[in-house]
Amino acid sequence: MLELNRIEAGYGESAVLRDVSLTIPKGKLICLLGRNGVGKSTLLKTLMGLIKANHGHIDYQSHNINDKSPTWRSRKGIGYIPQGREIFSALTVHENLQLGLEARQDQKKNIEPGHKVYDYFPILKEMQNRKGGDLSGGQQQQLAIARTLVADPDVILLDEPTEGIQPNIVQGIQDVIKDLKQNNEKTMLLVEQSFDFASEVADYFYVMDRGRIVYEGEKEELTEENMRGYLSI
Amino acid sequence: MSYLYSKKTLVILGFVILLIMPFVLAPFNLNLLGRFLAYAILALGIGVLWGYAGILSLGHGIFFGFGAYAMAMYLTLQSGGIPDFMGWNGITELPWFWAIFSNPIVAIVLAIAVPMLFAGILGFFTFRNRITGVYFTILTQALVIVVTTLIISQQQYTGGTNGITGFDTIFGYSLNSVATQQMIYWTTVVFLGLVFLICYKLVNSRFGKVLIAIRDGENRTRFLGYNTSIYQVIVYSFSAGVAGLAGMLFVLQVGIITPSMMGIVPSIEMVLWVAIGGRGTLIGPVIGALLTNGASTWFSQTYPDAWLFFIGLVFVLVVVFMPKGIMGIISTIQARRRAKKYGKGRKEEAKLYNSSSI
Amino acid sequence: MSSVAMQIFNGISLGSVLLLVAMGLAITFGLMRVINMAHGDLIMIGAYVTYLMQVIFVQYIPEQFFDWYFILAIPAAFIIVAGIGMLLEFTVIRHLYGRPLDSLLATFGAGLILQQLIRTIFGAPNVGVQSPSFLQGSLEIFGLYLPFSRLFMIGLVIVCLGGLFIYLYRTRQGRRVRAVMQNREMATCVGISSRKVDSLTFAMGAGFAGVAGCTLTLIGPIGPTIGLNYIVDAFMVVVVGGVGALTGTVIGALGIGVFNTFFEYWTNASMGKVLIFALIIAFLQWRPSGLFSMKTRSLD
Amino acid sequence: MKKYKWGIALFSTVFILSACAAGDEAADTGFGEASAGEDELSDSEENSEEVVVDEDSIPVGLLHSLSGTMAISETSVRDAVMLAIDEINEDGGVLGKEIVPIVEDGASDEPVFSERASKLLQQDDVTAIFGTWTSASRQAVKPVVEEHNGLLFYPVQYEGMESSPNIFYNGAAPNQQIVPAVEWLFDNVGDSFFLLGSDYVFPRTANQIIQAQLDDLGGEVVREEYTPMGHTDYNTIISHIRDTDPDVIFNTLNGDSNVAFFNQLADAGITSDDVTVLSVSVAEEEIRGIGAEVLEGHLASWNYYQTTDTPENETFVSNFKEAYGENRVTGDPIEAAYFMVYLWAQAVEEAGSTETDAVREAAAGITFDAPNGPVEIDGDNQHVYKTVRIGEVQSDGQFEEVWNSGEPVKPDPFLENYDWAEAIQ
């Protein structure tokens, strides 16, 4: 569904990603693993179009999308949940969710009160009229996920959704990801540090180091033993 | 053969051409060129401040004006008596801040020192408070309003909107004689050369490198342990002093200074000369000042209406599409030729040349 | 006592003029980080639209409807100038996001072109606009004379602010604007077209310049270069108020208006001007980012 | 390897130099060719380089701001000069030669004025310059005409206190505009004056004169206010006017500020019935920008109005409108610019030469029936005898004369004949 072919990308003159190829088949959950600063977030940004690829090509539903803007990509069904909970902190929770609808192709204008995201994250309904910035870190992450989900994307790019979040919320978020995979057959690319969770949900996985894919394999190959050289477990 | 084209040779050649101009041009045209050269000195000061330190001042008109007024005051007192506008305004005795300008040495020193001091003090507070970028630029505009309004409203001391004019002698020589004008012209050329040399030394020194570092990343430079505000104050003050010098030379050749030459619009135009010539270089401001003013004199006489459209368009195009100005175009052409000649690998080097510092 | 009250009114009325002039700038400079030196010239065009509307009415519309020209001129000025703003954004500004100082210089050039354009069409001399009859004269109340035109301006400012507030906080488009201004990258990632938002927002700022130009015909001269009379003042208002904060702009405008009026009352107009600008310079030393500052990446 | 860059740098230098020298070349190549038969009157793009001068023609310079802030006022004045030149040429020119105008743009910038004046005198060898408007631009040109012994004809009323052997002042001196107006107001309106002006030389000097004169008459100045150029908020001034309740506001604001002042005065509900405003810088042209309805009933002091009732004026107004359009208006500086060309032409005829000293000598005592009535050059100070007229603005934007001095008043730029003016001289 989404395919990277020999991508080179980075900030300004310096290339962060070198010769990265990666495939995300429809309906699968792909995990991207690697230590901090090896280029995982850059890869997601390149997929989203926030960073232009210098070489190589990105195909989405078999069409080259190298030159498409993030706006175009999100409207065509690529949902992006960035690291660091980049919600619109001066806007209310409700407004944040409404903004999620911008990417919908069916022009839906409002989120009905019984929307599924409220089942996932009931707290957001309670806090509807609060400023996004007033929420706790975990709640902001929930909001960021919910904002992407209301757009009903075909592919979801998740960048370390459980990083630095209180444990009780981490569980909730992981449940949502599992639910999306099992009951909704969403296509997902998940960047994870947590080996345990990755091995639980991933269909296929890639490991990055210094801007390159250094290991990839089926779920079964995702063992502590294999990963020892690449991850700090 | 190639040594002929080395930049030093060409700068010196240009300089020599300027020096022999009095033998080529008619007095009127020489005077015009001399005036542009005074502008070129001013542009050099702005070029260093903006192109190298990244500080955009839209208030250089007042420093230019300070220098011009200082020289004009000296010239007026040379002609003897108290200035006539003081007479009409009921002032019969020369105020002390006028009297000191009757000494030419004092006048010349003050013409440069006052702008430097003024910019130094203002810069000290402003940069220490981390007012940089756009805020600084807007603040300099407020400064222009304050100074010009004051000069206009204190006309008993300043001549108001009429400014100061009507001088006939300098150091006892008739100011309008051809010989004196030639001397003034040569003085201007020599000062242009000197200022160019000083700026060259400055931007290629360690000090200059720190300035560029500040321009490209102020916070980063500060974290490296540099007291960035001191650097900014010094370069701002230097640039103001250069403007004062330019103003002084300007008034000698034009014979008049009024507050309207120090206002918002002239101050912006000065910056645009630098933008057109090419910021981040030293040749650029000189060429920009000469070319813009030359073209302005030539075309605005012939086609006053079309000229404004044209110059407006040039400003837009240069700023938007050619941020490095004329010098940028030249380096691009060079880079292309080099790339053609040596293949792709030289592209990186060409980029480096773009930021070469003269 | 009554003279103090009168000066307070004068201050507020000057403040409302400043606010009208600065509101568009607060949008383009405050929200988009574009220093639009052509803002003054957009104001000038707004004034000429009003003049044109008057000419049309004098020629084609029965005399008893004459006063309506002004009512119609306000939306007309908004729309036409917004259109010009959009064009300016498309041709020039679009290339300058993230280069605020360059945007200043380029828009100065664009302003020159606009001035010359108007001069070519309407000629260099000032043109005259007659105030509609319902805005002539003044309201006498407790011994104070409050000119209808000034009351109208204060009212118009309130309406404009209200409109802007509703637009930003109660409409889908306004929500997009706020999202883009807050986090451009993320906004594009949720599917907002930042191009479209930039274009519309700039047009909006220009439109308010048009409205300001329209009302300025009530108080000042209308000529190709009037923009210069207002542009620096407008920048001061935005900077003092704090970039990106509309509340700050309102307080900044009223503050400058009232202080300026009192300074002028106590000294004279020239000294008043010197004092207010000196005060602004001093104030910025104390609060470099203005009264209210939004936590955003700063302009430098 | 950077030869390219430096080559272009060199090229640019050469370009500038050639730009500087362009004037010379054009003058050389143009010499000796036949003169152009008819000049385009209103052609603002008159190209000085294309003007052809030979033995059968007399070059004169026209130096006004055709661009910048002053273009508003100065283009009309330029038009009037061109009209006069055209008329004289149709009547056979001067000394049997055709007058060839060389138009230069002062660009509302004083250094440009001085530079252009140098160019006209040094390169084009003009015998006289008609031009300038503001005192600043006149003073910028003054040293130039004095140095090269040229002649400047200046068309605008000004603050006086000046007399250069190389300038002919055709506008009113203070005693031909301000002094009689104060006297008339004191006699007919009231004795308390509010002085309001723009913050520059003319208003400040004028107000000193008024102050001294009122001291002598026994009148009173209740307040003196100056506003910076481009000032647009007059509410505080209007508050002062209410507080001081004067009989007369003597208004020396310049062009643009008048619009704001009169509009806001009208909005404040103060009409000409409450307080009379007498202006000395508001002519027919300015009324169009301010709006006749807010000015109606207020006064002005000038030497000429479009409605001035002389046969010469009838012809002048109709010729002016014919040349430039039915909607154009004349006014005092426009009229002065028109008749000063005739004064110069007569002086040249009288002298039999265009040589400056001869023309200056011959000019003394020259008279002409100008649209405003008879005028005469005063040989003592090179100003002009003119009739003083006070007019009231009508609803159609024209003036109705309410008083005139009856005969041309002798110019007295230094107010030497007024005892009360001692301190100012």
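Note that the chains are named A, B, C and D in the order they appear, and that numbering of residues resets to 1 at the start of each chain.
Just so we're on the same page, a contact is a pair of C-beta atoms (placed from the backbone, for glycine too) under 8 Å apart; a residue touches a chain by one contact, two chains touch by 3 or more.
What you are looking at is a predicted structure, and each value in this text was computed from that prediction instead of being measured.
Centroid distances built from C-alpha atoms place A farthest away from subunit B. With centres computed from Cα atoms alone, the innermost chain of the structure is C. Highest inter-chain contact count (C-beta pairs) belongs to B-D. One simple way to say how far apart two chains are is to compare their mean CA positions; for subunit A and subunit B this gives 54 Å.
Subunit B and subunit C have Cα centroids lying 33 Å from one another.
In terms of their C-alpha centroids, the spacing between subunit A and subunit C amounts to 43 Å. For this pair, subunit C with subunit D, the centres built from the Cα atoms lie 35 Å apart.
Residue numbers of subunit C whose C-beta contacts span two or more other chains: 228, 268, 270, 273. The set of subunit A residues touching two or more other chains is empty. Under the contact definition stated at the top, the residues of subunit B that touch 2 or more other chains are 149, 152-153, 305, 308. Listed by label, the pairs of touching chains are A-C, B-C, B-D, C-D. Per the touch definition, subunit D reaches subunit C in the complex via residues 69, 71-72, 75-76, 199, 225-228, 230-233, 235-237, 239-240, 242-243, 255-260, 263-264, 266-269, 285-286, 288-291, 293. In the complex of the two chains, the subunit B residues touching subunit D come out as 2, 5-7, 10-11, 13-14, 17-18, 21, 24-33, 35-36, 84-85, 88-90, 149, 152-153, 155, 159-163, 165-168, 176, 254-256, 258, 260-261, 283, 287, 290-291, 294-295, 297-298, 300-305, 307-308, 326-327, 330-331, 333-334, 337-338, 353, 356.
Put simply, subunit B touches subunit C in their complex at residues 56, 125-126, 129-135, 137-139, 141-143, 145-146, 149-150, 152-153, 218, 264-265, 268, 271-272, 275, 305, 308-309, 311-316, 319-321, 323.
On the subunit C side of its complex with subunit D, the touching residues are 3, 6-7, 10, 13-14, 17, 124-131, 135-138, 140, 145, 147-150, 216, 218-223, 225-226, 228-230, 261, 264-265, 268-270, 272-273.
Interface of subunit A with subunit C (complex): residues 48, 50, 69-71, 74-75, 80, 82, 86-91, 95, 98-100, 102-104, 109, 147-148, 151.
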